[in-house]
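Both of the next two complexes hold chain A, though its partner changes from chain B to chain C.
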Partner chain A sequence: MREDLRALLLVTLWDVRKVARYKVFLLMRFAWFIVQVSVFAVLISYLVTIRSLGTSGIGYYEYYLFGAYTALLFSISMFRGYEIAEEFEEGIIEYQLSLPIKRRILAIGRTIGGGIASFIYTLPMMLFILLLLGITNPVLIAIAVLSALAFSIGIVGLAINIVFGLKSGDKTDILFGVVDALLVRLSTIFYPLPFLSVFPPYFYAAMYNPLSNMADFLRALFFFQDLKIFIHAPPENLVSYIVGLSVGLSILAMLFIERRVEGGGWK
Partner chain B sequence: MRSYARGIQIVVMRDLDRFWKYKWWLAGLITMNLTDLFIFALIFNGIVNRAYIDNYLLFIAPGITAIATFASAFSIGREVGVEVRRGYTQYLLSLPLTRFQLSIGRILGGALRGLIYQIPFIALLLILYWSIPSIEKFSIMIATSVMLTISMSSLSITISTAVRSFDLQATMRSFTYFVLFFFSNVFYPDALIRKYFPEILYIIISNNPVSIATSIYRWIFGVMPVEDPLILVIKMIIWCLVFFILGSFFYLRNLMA
Partner chain C sequence: MEPAVEIVDLVKRFGNTIAVDKLNLSIYDGEIFGLLGPNGSGKSTTLLIISTVYKPTSGDVYVYGKSVVKNSDEVRKYVGIAFQEPKALWVDKPYEILLWHAMVVGYSMSDARKVVRQVMEDLGVWEYRNKMFSELSGGNKKKVELAKVFIQKPRLAIFDEPTAQLDVITKHQVWNMIEDLRRNGSTIIVATNEMSEAERLSDRIGIMYRGKLRALGTPEELKDGIPGGDIIEIIVDGPVRESFVEAIKNDIDAVRIDLKDAVIRIYVNKGEEKIARVVDMFSRGGLKVRQISLKEPTLDDVFFYYTGAKLAGDNN
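And now, the complex of A and B:
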């Protein structure tokens, strides 16, 4: 048990330590986020209005900021898949599979490590939007951090399942693009759920979408009174969904790596 | 001269042939662009301020058509990136072709991919607007698409040969996509940008190649009037030349390395 925990810590730290290597990546993502928040979000917020449904004080800009952060957290967590794809090409995965570490430990360690690393990448962006919105409550910020971490771990679990399952750089690239496009657009990242009710398939897809649940939880956490008309479930249900997603997808990644994955065969 | 052009044609056709092998890639790309149109734009149409835009789907469609060329033309950059990483360029250099032929061929190959990919989106524009432009306007649309795809193909080759890491290439590709997308008039009308943003930012956004192409398409389908379409075409020519020179330079530099 103790050995397992030590191995888990080693694998987790292996992923986390890589954060320092990606300074350029982090800078570019931050720059991209600044553009998104200061150009796209500002212009789009002038173009639309959500106050007609009865929000008080909070406009589309504030609503969208949490969506933009959630979309970014999702993309960066999925991006771990590209890294794993590269590790396959370089033979690092085969090396890791040959280590005297149980596969379930390897899977959990990579999922948690990837989740923490992804969250660290997005931490400057989270602080940036909290600063923009003037949020200073430490308890709420701590809850937001923990929920973002749980969400990130879940999405990394999903990315691991996809990359290990496909074992192809091209297919990974394409599928990630499609998943990203569909999940971001069929969610409440850009638009409040009531506006989707005109298209029932979109409405239900958005309601059960992990991105909607994460973005709406952050909105509920900080601006529940202002935005409750747009939030489809109580905050405790939303956070349960996020934790369930995290645990479920991590277990799925663990089972998959333990039972099915072998070295080689990368296309 | 004829054999020189034949050499370029062989490189272009090789790249085109490889394009057809990526059926899933194409399906993925089309899905991404169609989600922008038939999910994002349709839903957004319900919350957009009618004082600015009557129909958001019709407003955004020309912009999606312009940006659609990005991913398909960028596929050539992705391939070039893989070739650089795997040392495949050595094989290309051993072929009885000059380096310049290879360079032009790769750029035009990427451009042709972008053009072919754009055809269904242009057809979609014709259906959505339910109008056929005059021959003059149609020629301008084709010329714009050709210049835009050459620009995108050259830009992607520049990025792929300047950066070698697979994940950094993917990051750069996404970053370029978002900069071109957000700093453009695809999502919002020029009047709104001019009203709320400093003049310098308006100048940058309206002179982005994607914005220029989008404005030309909007003018062709009568969505937005344009003061002087010729100026837009000239700007597009300048972008095309700049990116073409950059792409050729970086590809040649990569071959020499």
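And now, the complex of A and C:
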């Protein structure tokens, strides 16, 4: 057990230690995010007016910020898939499969490590919007951080399943593009759910979309009273979805790697 | 002797290609086993199955009694492999790669630092420890890959073409380190294309060709196994009668005798045991021997014989 925990920690570190290597990438994403939420979000919030909800003036701007953050967290978590694809091409996966580590530990470690790394990439962005919104409640911030981490781990689990399943750079690129486009668009990232009811397929796709659940949970966490008419489920349901997603996709990655994955075959 | 590795009816297919075809082989505990074969003969695939990176299509491999199919987690505790192609990302740094590896194979942080430094110094790559992997020469990349096994000191150490891309001095150094590893209790498998490497290191050699094991034995056994592999070459004064040649052929059970002018080539098995008899027969036949030599087959000859491979332009 102790041996397994040690191995898990080391495998997790494999991904986490890479964060420092992408300083420029991180800086560019952060700069772009600042522009997005400081300029474009303000402009678009002028275009979208929510009739008075009898609240403290919370409007589309606040709604948009959590959507933008969730979309970013999703994209960066999916980006782990491209990194793993690169590792396949360089033979790193074969090296890791040969190490004295249980396959399930390898799978869980890579999923958690990838999730933590992706979350760390987006932490400055999260802190920035919390700063913009003047949120200082440490308990709520801690819950937001943990939920974002759980979401990130789940999405990395999804990416690992796709990459290990396809074992093809071209197919990975295409499928990731499709998944990214569909999940970001068919969600409540930028469009509140009640407005989607005119297109029932869109409405239901958005309701069960992981990005909708994550973004809506963050909205509910900080502005439940103000934004509750846009949020399709109580916060406890939303967070259960996120935790379920994280655990489910991690277990799927674990089973897949343990039973099916072998080296070679990468094109 | 107890087998460290037992390969039983092993088959590995990639689509319609059979990489390993009903392979049966035992590798003994504590030996250095050389796996020879041309490119695409199934050597690397076999090693990757032993190290649990590939799964067998059918058959099984037992490493110290543990099945790679049923107990792959257990097998990996025994095995360390240095891959043919070094495995690292271009942005990785050798010291970070090896420190992480050392900790994964069980060292504490402080011990890991010590052993990594020691092995990197032994292989002459300590000065490159903080360079990016992509900046290293091919030889230094290979050394970093080899260092993983020397750090790990596994019970079963596998080297896939360990000295490819290395200079002569480093080759000898690596061979010495492999021998040290064996002296410290590891069983070693070395896959190679280089006959000199196989001969220098191996207690036994297996020759693979098209997924099958074509020959198995000590280097001496393999050389002796080639019919007429030894050549006794004699230069005499004066003519040699055909009947005399025929008599020698029958007496020492030669495979073939070529006679050209004053040079006689006798193709025979175990020439070292028959050379004295040949000299005696020439002496009794009244022929003055000016020069006599015994040429044993090299492992190259063995390799060509068992694989049926020919060098370009070689019609012999």
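Here, the second predicted complex is superposed on the first by the 262 of 267 C-alpha atoms of A that agree within 3 Å, B and C clash if a C-alpha of one lies under 4 Å from a C-alpha of the other, contacts with A are read in each partner's own complex, and residues count from 1 in each chain.
Everything below uses one rule, namely that a residue touches a chain if its C-beta (ideal position, glycine included) is under 8 Å from a C-beta of that chain, and two chains touch if they have at least 3 such contacts.
Just so we're clear, the structure is a prediction, and the values are computed from it rather than from any experiment.
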Superposition on chain A - do chain B and chain C clash or fit: fit
Partner chain(s) touched by A:E86 [first = chain B, second = chain C, both, neither]: both
Chain B versus chain C as contact partner of A:Y61, first or second or both or neither: neither
Chain A residues touched - chain C or chain B, whichever exceeds: B
First (chain B), second (chain C), both or neither touched by A:R103: second
Geometry of the superposed three-chain model: angle at chain A (Cα centres of chain B and chain C, steps of 10 degrees): 90
Partner chain(s) touched by A:F30 [first = chain B, second = chain C, both, neither]: neither
Partner chain(s) touched by A:F256 [first = chain B, second = chain C, both, neither]: neither
Least C-alpha distance (whole Å) that remains between chain C and chain B when both complexes are overlaid: 8
Chain C-contacting residues of chain A that also contact chain B: 86
Contact set on chain A toward chain B in their complex: 24-25, 28-29, 31-32, 35-36, 39-40, 42-44, 46-50, 60, 75, 79, 82-83, 85-86, 89, 169-171, 173-175, 177-178, 181-182, 185-186, 190-192, 195-196, 198-199, 202
Residue ranges of chain C touching chain A (in the complex, touch as defined): 14, 48, 51-55, 72-73, 76-77, 79-81, 83, 85, 87-91, 96, 100-101, 103-106
Contact footprint of chain A on chain B as seen in their complex: 22, 24-25, 27-29, 31-32, 35-36, 39-40, 42-44, 46-49, 52-53, 78, 165-168, 170-172, 174-175, 178-179, 182-183, 187-188, 192-193, 195-197, 201, 205
Complex contact set, residues of chain A against chain C: 7, 10-11, 13-14, 17, 21, 86-87, 90-92, 94-95, 97-103, 262-265
